[in-house]
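Here chain A shows up in two complexes: once beside chain B, once beside chain C.
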Partner chain A sequence: MKGTATAEEAAELTVSDLVVDYPIGRRRHRRAVDGVSLSVPAGRAVGLVGESGSGKSSVAKAVLGMAPLSAGRITYGTTVLNDLRGPARPQDIQVVFQDPYSSLDPTKTIGYTLQEPLRAHCARTGRSLSAAARDELVRAMLAKVGLPAGTAERYPAQFSGGQRQRISIARALILQPRLLICDEAVSALDLSIQAQILNLLLELHLELGLSLLFITHDLSVVNHVAEDLVVMFRGRVMESGSAELVYRQPQHPYTRQLVMSAPMQDLEAQRARRERREALALPPARQAPLGEACPFAHRCPFAVDRCRSERPLLRSAPLGGQVACHLAGELPPWSDEHTQPREATGSTTSCP
Partner chain B sequence: MGRLIFHRAAMSIPLLLIVSLIIFGLEAIVPGDAASTILGQNATPQSVAALRGQLGLNDPWVVRFGHWLGGALHGDLGTSIISGVDVTSSLNGRLAVTLSLLVPTILLSAVAGVALGFASAVRGGALGRFIDVVSLFGFALPSFWVALILVGFFAVHLNLLPATGYQDLAASPAGWLKSIILPVLALSLQGITYVAKQTRDTVMEVLETDYVKFLRANGVPERSVRYRHVLRNAAIPVVTSLGLVSVGMLSGAVFIENVFVLPGLGSLATQATLDHDIPVILGVGVFFTLCVIAINLLIDFAYGLLNPKVRVS
Partner chain C sequence: MTTATDVPVRRRGVLRAVLATARGRITAGFLLLLFACCLLAPVIAPADPLHQNLQEILRTPSGAHWLGTDSLGRDVLSRLLYGGRSSIVGILEGVAAQLVVAVPLGVATGYLGGRFDRFVMRLADIVMSVPVIVILLAILAIFDHSIAAAMITLGVLGASGMMRIIRGTAMTVRQELYVSAAELLGLSRTQIIFRHILPRCRGVIIVQTSLFAALAIGIQTGLTFLGLGPPPPAATWGGMVNEAATTLSTQPWLLAPSGGLIALTVLALGVLGDTVRDVTAQNHTSSGGLRVKPARRRPDVAQAPVPEGTALLSVRDLSVSFLTPRGEVEVLTGVGFDLDAGQTLGLVGESGSGKSVTARAVLGLLEANGAVTGGSVIFDGRDLTRATRRQLAALRGTRIALISQEPMVALDPSFRIGSQLSEIVRSHARLSREAARRRVLELMEMVELPDPEEMAKRYPFQISGGMAQRVAIAAALAGSPDLLIADEPTTALDVTVQADVLALLRRLQRETGMAVLLVTHDWGVVADICTHVAVMYAGQVVEQAPVEQVFGAPAHPYTAALMASSPEKAPRRTPIDAIAGAVPPPGAHPDGCRFRDRCALSAAECADDDIPLVRLNEERVSRCIRTELLQAQP
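For the complex of A and B:
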């Protein structure tokens, strides 16, 4: 079957000690990513979570060659991606963006939009593909994402946000990539549409062995898709590990806050959770710590002096995974009855 | 499209009526009338009053306006009170001059404005900032002032181009070109700078969209990204701004024709206003209103071509 490939073809994406600085004004910079390392093994789904401004999208941009790298190394298999731009980049890595309205050219038909990467690819590789073959591929991709064949002749304005996101996924898949980066790919959608798109991505992940780097601010969304989780805060990795572990047994105070801030269906549970969260909350600090301190120290209910003077490094955590906290293992045990490990239920159908 | 034209044509009737009423009303408020213009400063009040009666200026304004409107509806815009020349034929005689000024000005604004704005947005950096600042300055300068500076430099100082006057295109193409260069430059400065600013802003916006990022990340040739996608998507706001600028140029032409002593519709309107020559003023007013309607219709056509959303619905 076309488009079906085994996971062996895919390669591992590795990001090591990545630093991204954005220029602000003439000589000043803002550090968006501060020494992040993570990897997406072939065929694996990795979630990258954090609040807005945590640098998670900058990591995605760096991988896609759209952000300035100050330091670090990004490799895909044996290829170093650091300075590769445009045509030189491996087509194995594709992206689905957040905004379904800005990600499709409103003046082009869907068919044209889907064929364009194909044509550029053919022009680059000298491979020739007849118009009929291209049309056929477009139809196959549209079918794969659950859109009717007539879609190709129509314009983006005729589609809803969810449909456009399907089109974006089809466009990303048309070059048969091995790794799909979803940068907040469902954040702009309604809850029910979110679930549909997540299920589609999950299907593609399982069926095609597609690796996923799933970037979101919403832990409950990523928990639905990801096998591994990386939690970022202010440009640094706070915690990483298997999704089950990080979500059910968060070991970093920041991850705990993130888990507790996710909205819940049950109003009573939501209220209880909010009370617990508020009991732990600190008065808002005006100044976030600078330099050699834990970036979370000003918001952490457990912070001690050491947290304000020494930057915690990512190290193996007592329960598994990795955590960047001086107090890892010394914190009170996590108890949240709603995220406790539970028997395997049909979790793929549940949605926030 | 047929429906659009019909709709616009239907809308233009009340618009023309209101515009001519306003012109008529303004003229009635302004002190002085055609009778005192004809008789000059030394006329006796008695002779002025007699001529007023003769010209029908003493009739109630409703009667006078109704009289003009009745003629206008039959395509007869009346005759000049001062010269007795048929208004339609004097409009015809001066149209070529005004079009010689407006058409090159609009074309130059479109081409130079889009080119500068696009270059500024795509290149960015020092060139981008330079174009940005220059266009801000250019837009702030009044066209008649620019005209005087241009005349001072190119006509008086360098003696390269005539300071005033107009030569017919059919009689002498080179003379025509020389006679319109300075007026067109003066009048198009605001158009170029406005269109350039609009183009720059829109292109920068489109360059930030995710589809441009996607195309670049996938190695689609930069030329295709710029011209097929960015310029194409920036076209709609740019065409809108060009339409606005073109409408503004109609009034700019009145100033420029006076500075360069071009015998066009603008100078006709100025003279007629000074003379209180109501039929001529109304004639020019109606003609300019028709121009505005036509420009808007052209913009609507352009939207239809550029925007698939309009085409679909």
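For the complex of A and C:
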């Protein structure tokens, strides 16, 4: 609590060799996360990016104690989180989910929703906090996320998606956590609202020193917020490193394809991106089964036989960072349209 | 705070909401009155229920006996009131027994799940398979005609049904993210159950309770009718029906008070349960449930001028209104744009801008509570807003096709992809089975589906979202349309798949020369595929121009602000130029310029009048009277 709590030191979140299997039916299971390691040092913003089915949200769930761990170790500072459930978990780690509608109890006022964690916390620690002090904390938190004080008396149904997401952020922050996990926290929002929420998260991160694990499928969003990037595909880490490097100089063919596929808000740049992508495009192919192979082999324009028979391990990449590719360093160099603008190619009309 | 109502409204409690409806008031009032009268029977009953007067048997209603007398001359009204006491006590006992068993078990199994859940559910299965009536007869024999024992037994045995329903609700609530959030914030399971799970189950509990009460009355009446309850002369409703049945031929009236009251009570409980269900279902939505009723059918729209242009699709002054619980709301105001063959027009805007409604209105596919209230949609020289349903149906699929955001929704999960496509192909042209199959494979190859032969044999749930969108595009192409309306076709897809689908659309357009109306919120998609853009804000087109001009220099402050709010446009880890506030909801648009409250360039004159579209050059219009200021900015 403000003023009363002992200033707890922020700690590093470490995930090592995480494996998450979801049961399907009786004996079978689906491997959602396959040996993922990453860390979020105190006060740092780490982006976890991947497409649907990449396992990025399963990593978040595992960190939050909401997914079954088959193997691996998750630690926060010196605390091992693997088997901690419920109130035993450190409240230093909080989350903002994607869906602003399911995130708030429709039967409770916003004030109640925000006070509840305070009450539970007081009950747990035996500290007493008067109703007035709780009200004050809630009002301060609502102000911090940019909502008027009258918000506390209202119900979630009276708020728009962007406002609900602000309320979710306020609830996550009310116990003054040190690490905020944002699981596609801005993906369901309109562009102008997304910008507002990103600004808010960035401000909290920069001013309060809040660590962020920012999970999204949107490269431009994660590149804006994160200092480090981890790229996942089919449950495995394909590439990791500083965001600047991974986004500007992707070294894994999958990351390259991801960057080339994201349409840019600029005619010339997008044209260049599209042409480069089309030059490398393969016909759509069925996903090869996972196993002792590179998960991207079936879609990789550079794949060789070895990629289909031997699993590439994450290793230090030539330009820095880490990459899980047998051909790292042997790939054609990547020229980026941001830093090296191409010459204008005549007319920009793209239709016949 | 633009979307929340300005007066803080407290959510009404279930009880108050029920009483706000007429049927809620009537049924609750009736039950309450009945309850009070039976409770006060010793005070208000006109006579002793056991007092016999053999001189006045089987009388019809009179001043002395409001409901007549029975075969022993006893006052029927008094007997009904006294009999009601035992019925109500019986119901309460049964309901209490059921709630005590069903609620804790239902909530616990639903929330905790696991082994405990499986054990309790197997037990419930066993209980459900037991014939209740046999048990009840045994109980009555053992406990010496004690209705209380029978009702409590009935409550316990009947609890398995209620428990299942509560468990189902609790399981749904458990999936809600706010339950996960509460767990992470350190709430214990007990706290979560009482604060978050149980309140959401309240509705089903009330409904189930009222239905069970109605059932209990029936069963109790049946038992007393059979003489299994308190022995005569004690007054019971079932006993009274029994007596009335024996004298049915001499005095049919006697059946009316007892039978009627039982029927009314059961009916009132049932209707009350329904009312509670309706009320709780709409309680958590801001709209309070949408009434589906057509807004005013387009009234006498002044005869639109004959289309002057040569555009394939020409939308002029299109206005659309929806009927909502708050009244009629205008969602589109004077929307207009042109689209020619071979062009791709991007309809860009945030949610609430009306871009999807525009696309639906062009197709004549507005929801039942919406209607075109003005303007025209000229497609190939014909006004679609005046076309009959049949004419529209003939156009859809053949001349105009639609692909939507959710390709899976467009496909029927119970049929193979090949047969669905074949059905569509054969609806467009009379083809033999074999010819249709060839056409289907051709279409599937056209949209680059790998291994068409094998793919045709699959069901929609066996393919990925990207593949499903390709199938949807194949279906749209089956009629060789001149105009393809694509409503956020790639929004639900991964970026790599999105790029593939956009490449496919571009290729198909090049080959067929069709026009595409693309609804999107993504400037990147616009940059990738569109030739023209119409930017929408709060139900109006605010700027329309070829893409080069819009990306080069936006001519409307909203266009500029929306483009600037992309994270791409800001240096890394610095604040983005976000637009403050939110899109005003339909019905709450400010006067004058609808964007002025959020606009950096707004001035006093922006509030004066409706802002007209200002023509900037041959191909470009902007709904801004200060656009030259924007152009002057660096």
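Everything that follows uses one rule, which is that the second predicted complex is superposed on the first by the 327 of 352 C-alpha atoms of A that agree within 3 Å, B and C clash if a C-alpha of one lies under 4 Å from a C-alpha of the other, contacts with A are read in each partner's own complex, and residues count from 1 in each chain.
Keep this in mind: a residue touches a chain if its C-beta (ideal position, glycine included) is under 8 Å from a C-beta of that chain, and two chains touch if they have at least 3 such contacts.
If you're wondering where the values come from, they're calculated on a predicted model, not measured in any experiment.
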Between chain B and chain C, positioned on chain A by superposition, is the outcome a clash or a fit? clash
Is A:F97 touching the first partner chain B, the second partner chain C, both, or neither of them? both
Is A:V221 touching anything from chain B or chain C once the two structures are fitted on A? First, second, both or neither. second
Kindly classify A:D105 by the partners it touches after superposition: chain B alone (first), chain C alone (second), both, or neither? both
Counting only touches as set out at the top, which of chain B and chain C does A:M66 meet: first, second, both, neither? both
Once the structures are superposed on A, label A:P117 by its partner contacts, choosing first (chain B), second (chain C), both or neither. both
Check the contacts made with chain A and report whether chain B or chain C touches more of its residues. C
Look at A:G235 in the shared chain and tell me whether it touches chain B only, chain C only, both, or neither; answer first, second, both or neither. neither
In the superposed arrangement, does A:Y155 touch chain B (first), chain C (second), both or neither? both
Location of chain C clashes with chain B - one stretch out of 273-281, 327-335, 453-461 or 615-623: 273-281
Show which residues of chain A both chain B and chain C reach, each in its own complex. 64-66, 86-87, 89, 91, 94-95, 97, 99, 102-108, 113, 116-117, 120-121, 124, 155, 157-158, 171, 175
Under the stated contact criterion, what part of chain A meets chain B in this complex? 64-66, 86-89, 91, 94-95, 97-99, 102-108, 113, 116-117, 120-121, 123-124, 155, 157-158, 171, 175
Where on chain C does chain A make contact in their complex? 1-5, 8-11, 175-178, 180-189, 191, 195-196, 199-200, 284-286, 342-344, 350-351, 448-451, 465-467, 494-500, 502-503, 506, 509-510, 513, 521-529, 531, 547-548, 551, 561-563, 565-570, 572-580, 582-583
The residues of chain B that touch chain A in their complex are 209-211, 213-222, 229, 232-233, 306-309, 312
Using the touch rule from the top, collect the residues of chain A that touch chain C in their complex. 45, 51-52, 64-66, 86-87, 89, 91, 93-95, 97, 99, 102-108, 113, 116-117, 120-121, 124, 148, 150, 153-155, 157-160, 162-163, 168, 171-172, 174-175, 190-196, 198-199, 202-203, 206, 217-221, 223-225, 227, 243-244, 257-258, 260-267, 270, 274, 277-278, 281, 283-286, 348-352
